[in-house]
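Lettered A, B, C, D, E and F in written order, each chain numbered from 1.
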Amino acid sequence: MKIVYVVPGVMPPAEQERRLGLLRSWAFPGSEVDLKSVTEGPASIESCYEDYLSIPATAKLIVECEKQGYDAAILGCAGDPGLDAMRELTEKMLVVGAGSNALLTAAMLGHRFAILTVDDALIHTCYDLAYKAGCREKLETVIALNIPVLELNKDREATFKKMVGMCKKLLEERNVDVISLGCMSMGFLDVAEDLTKALGIPCVNPSKTALKNAEALVGLGLKHSKRAYATPSKLREGTVKSLDELYIGGK
Amino acid sequence: MKIVYVVPGVMPPAEQERRLGLLRSWAFPGSEVDLKSVTEGPASIESCYEDYLSIPATAKLIVECEKQGYDAAILGCAGDPGLDAMRELTEKMLVVGAGSNALLTAAMLGHRFAILTVDDALIHTCYDLAYKAGCREKLETVIALNIPVLELNKDREATFKKMVGMCKKLLEERNVDVISLGCMSMGFLDVAEDLTKALGIPCVNPSKTALKNAEALVGLGLKHSKRAYATPSKLREGTVKSLDELYIGGK
Amino acid sequence: MKIVYVVPGVMPPAEQERRLGLLRSWAFPGSEVDLKSVTEGPASIESCYEDYLSIPATAKLIVECEKQGYDAAILGCAGDPGLDAMRELTEKMLVVGAGSNALLTAAMLGHRFAILTVDDALIHTCYDLAYKAGCREKLETVIALNIPVLELNKDREATFKKMVGMCKKLLEERNVDVISLGCMSMGFLDVAEDLTKALGIPCVNPSKTALKNAEALVGLGLKHSKRAYATPSKLREGTVKSLDELYIGGK
Amino acid sequence: MKIVYVVPGVMPPAEQERRLGLLRSWAFPGSEVDLKSVTEGPASIESCYEDYLSIPATAKLIVECEKQGYDAAILGCAGDPGLDAMRELTEKMLVVGAGSNALLTAAMLGHRFAILTVDDALIHTCYDLAYKAGCREKLETVIALNIPVLELNKDREATFKKMVGMCKKLLEERNVDVISLGCMSMGFLDVAEDLTKALGIPCVNPSKTALKNAEALVGLGLKHSKRAYATPSKLREGTVKSLDELYIGGK
Amino acid sequence: MKIVYVVPGVMPPAEQERRLGLLRSWAFPGSEVDLKSVTEGPASIESCYEDYLSIPATAKLIVECEKQGYDAAILGCAGDPGLDAMRELTEKMLVVGAGSNALLTAAMLGHRFAILTVDDALIHTCYDLAYKAGCREKLETVIALNIPVLELNKDREATFKKMVGMCKKLLEERNVDVISLGCMSMGFLDVAEDLTKALGIPCVNPSKTALKNAEALVGLGLKHSKRAYATPSKLREGTVKSLDELYIGGK
Amino acid sequence: MKIVYVVPGVMPPAEQERRLGLLRSWAFPGSEVDLKSVTEGPASIESCYEDYLSIPATAKLIVECEKQGYDAAILGCAGDPGLDAMRELTEKMLVVGAGSNALLTAAMLGHRFAILTVDDALIHTCYDLAYKAGCREKLETVIALNIPVLELNKDREATFKKMVGMCKKLLEERNVDVISLGCMSMGFLDVAEDLTKALGIPCVNPSKTALKNAEALVGLGLKHSKRAYATPSKLREGTVKSLDELYIGGK
């Protein structure tokens, strides 16, 4: 099976390489994994505005990937920016939302999970994501690390230490039994297993989880429901001929 | 007070004119109303994809309006595309979501409302919108007219007749006591009052409601909460200097 | 348009005058605003019992107002005492509940609001009100000032200071982004705008909000749904001839 | 133990006698049961307005009953009019709400219950009652008999036949496994046991259930929580000396 | 009426005697109460595993009780282990779940109750129980005493003191107005009335409540709904002749 | 990785063989899959009673599997009988519930799913399962095939035809976009892919899904949370030495 991990922001090639290496090391034998990054978009996604900014270019890249014959594309941001749009535009290729997948996986392992997100400003989006994922009932609370995404990896040790401290405090105060990391950059820090050990409860890495769920769903022959995510009516009914014609004006 | 109605899609000037005329006829004395349309974007919004496509250009236009000193901007699409982003980017000017406002207004008038949207494919987005608006509990059901947005106004009589027929059937089957029209083009058909008469229950026009609510909120001196919709952290902390720098690459 | 603000308790004429003055200063040009107070009822409403005590006389006054040709009546208590009854008895005149309106307005501005009510004993009624209003999902918590209603205005400065202190503490502890004042006497203290400034999040004044929403709804030509609030069947079917005949015995 | 059944409307003495006879035939040995009716109020309660009309006189009667040493009072209307107020005003005597008790009893016997109420206009109040009772989750639907309360007993046979017909239709269409009768006059028709046989699922009689629950709760030594239903603050703090002083004006 | 209290664990005869004595002292005149204990099963139920272990032998005992002509059986564990199974296997005899009954009784007395359970490990089962009972909305929180069930009665004084301390702390922190004891051994400590006095809010004893509710329901002629709890299809359709044949293998 | 599929009922060896063959054909390269069946228990699980009957022997088998070094065990019944108990008793080996996993997988693919279960009597257990899984919000409805489990495979063609007919009717009436099969025997009919084609929406096979999710979770290094599923306190604290000692009496 062929799976593509799509980065919806502009990422330096070295970091793309590093992430692809991790993904390939995580894959089952028999899974071919590629990584593609948009060439225009936000540097990182830390607000609703940047979330939306990422969608147009990413949608085009996703549609391109479907044409290239991938079995599944992973939308590589824990906020699932534009997941419903990506699913409207694809039919033969499964599109996996890394964010909602991580939450549903957390729901498989305990009674009440928490999300550790990057910034206070994103807390409300995590509740909405859990609602859209369908598992709002098990989301106990959301806390924020408040380290900028692009600095998470600057001092991996310090980041990890802050994560452990915040989660330990949370466990003392609230009846939480699973943690889900709410950011792909946190996922690619590759600290979830160490965090699981440090905290004594499972910690879900959204980056790795998205890959394993994509493999599982492709293995199951399942794709997102087109009754749920219908092709835009202008395309469906031939009013426009291509994706590009849906956008008027511009250059 | 100065209010601007922002059309998040590319609209023919004549239709812009017509809508502005209606808005001004609806305004309280003392309200100055303008209408601005983006110059690039989708022709109409009938899918999640088109919803997202509309956001980048609209956000810039909204920010522009704030600089021009408007007291409030109405985001003129009943799906509230990017409302949270628009609110992240503004502080001195209120941004009103026509979609969520119509639903909260419906909630003021009865026990259980229904949304009449344009296309089956948008039904799920209406449930999500009611959840985000905070009044999901009173949303009894969503039905779709299944007439393309751009054809709603071609035969106003036929559209109205279909609306009445569908709503009457709904009232026989379900315990619904208010109807909210889920599309601005339906709103500017200006049929809500006739529908109210034909059905015997209040019918909420999202276009007119957005204007009256904007006037009310400006009159109250209220703006959206910046604790709820924080300025993107890169802007807040000066990592980038302008909105444009949040987008990398492109032409 | 003609709007009447109805006080469902017995209020000294000077305070009636003061409140009417504020209401008129808040009105849009073109709105005629009157204030009427019942001549019998509780001095203030600080319990469910007093809430119910206020209803019979207020209902009659509201029905009287409808006959006098008002476009809308504001039920002037943040607990909406008997709102459903008032709506059962009126058809041509809109009745606005100041309590539920304030909550739905709070829902328009953020993700999670809190109510600041007057007394611990009223906390549970605030949750029920939010449920009946339809926006229970966005109500994060309710806190009480614990100053008797009739003393709120004795030392306006002290009251304001206590409000600021309690809200600041709340903002440190909970993820709240809008505050709604749960009492009309708080509303007519006219401190909401100062509170908004002091806290940095919007503070909803139920007194002013009820007026602006009434103006907006009358402007929209909308009334409460008679399918939702049916005329009592004995009146509807002519079993009794007048409101008075619904009550047997008494003097 | 001494239990009083309080009728919150003006009821002919013969009907009072008949109901008391039924109540006494239902009581456990050792329970003394009395019935008291207000001497002023609505003839029957079929709207929110009549619901509220009944409260002031009933509250006084309930307070009187507490002074007379009853262990429990049953508020004899399935809408629980003013239950919270009655509980605010009593401390030594339990007050039981016939409406909420019937719903909680229905919840003990199956997964999803329905309420059979008297009039379409009361359907929404049944949902609110289930919410206040705390068992909204198990309320599947509400249907209305649409026979005036005062005519229910005119042709007992015809009423029973209509009830059976409506419930059988409901069971074919919905996954309902318990029925609760939403009106005391239905309860005193004493048809619940026949209905249980005719339908093959339990049918809850609110009149009889209120009595048995009152006996059970008195037997348990339990009363309503004063932390939940605080004495009105003016009484609690001595600002007024008596119930009457809470009401100003009037003759 | 004849009621049997069924202990789903292996209990020393002296303790059986003691509990039966309490039950009989609590019964209404006219109620005959017996107690039966399984002869195999867990010593106490403090985990989901022990909960399930208790079911097969208890189910057989319950079926035996039905044959012996009891009107009602009380399933004597606050977790309601296998209640739905017991109800599937009985038709003429009511089966009462002590756990869900206590919660619904708590719901009758206030707005928000808490459960005091025995062990942190059982907290999540209390939330599920409230959901199955249908009153999850009123369950504010669950706290655990963390004393082993078999030691609760060793130092009754110390246990009571710990209960009071934990509940007082809870009342300071949370808006709770009723406490329900989440364990039958707590119930048979017979401290609920003292706890009610010490805390000033009602404290529900599940052991006594189960008895009083059983008496009330038998008095009402109500049994659990067979539409809700159908006889297992193999028995219903005669594929197997007896309960034993449903279990294959074993010695 | 080593995964064991545990059948919690007594299954003929030929059927065990057939199912193991399917499982191995579905596995990723590198996954070793075994199947073990209890030697005592119900022939099939079609009631709550049979569900509970299966647990004691299955729990022992699961604990045995953990000792044998499996990485994960799949509890092979779509009702997840005793899943929480199995997780209490294991720490090094993941236990996967086939039922809850299928529902969470359905939630990944659309907005609203339905469960197709085997018998009307199991409908209510499906709602409870969705609640425990955490995705009750997305469960639109449950329908039942009403074919006995042991006859599902007698005429595979007829079973498939009935499934298609029922689901097509459902799709006409309700807004459902994913179907989950609520029974492992349905899963091992291996018709989900044909059903997906026939209906045009994804159909989730719980048998295959459990395997792929187990592989994914083992690949992720994740196990169920011991904070959520604590070891029974008697074992944890050494009051008893072995699982057997938790059960007293018996032979």
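Convention: contacts are C-beta pairs under 8 Å (C-beta built on N, C-alpha and C of every residue); 3 or more make two chains touch, one makes a residue touch a chain.
Keep in mind the model is a prediction, meaning the values are calculated, not measured.
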Notebook entry, point to check: Of all the other chains, whose mean CA position lies farthest from chain F?
Noted result: C
Next item on the list: Among the listed pairs E-F, A-F or D-E, choose the one whose interface is a repeat of C-D, with over half of the contact pairs the same by residue number.
Entry: E-F
Margin query: Quick check: how many Å separate the C-alpha centres of chain A and chain C?
Written below: 45
Next item on the list: Give, as an integer number of Å, the spacing between the C-alpha centres of chain C and chain B.
Entry: 27
Check: If you look at chain D, which of its residues touch at least two other chains?
Finding: 111-112, 124, 131, 228-229
Note to self: Using the touch definition from the top, list the residues of chain C that touch chain D in their complex.
What the structure shows: 10, 38-43, 46-53, 55-57, 59, 82, 84-85, 88-89, 119-121, 124-125, 128, 131-132, 148, 228-234, 237, 239, 246-251
Next item on the list: Can you check the complex and tell me which residues of chain F touch chain A?
Entry: 26, 28-30, 96, 100-101, 104-105, 107-112, 131, 133-138, 171, 176-178, 193, 196, 200-202, 204-205, 208-209, 212-213, 215-217, 219-229
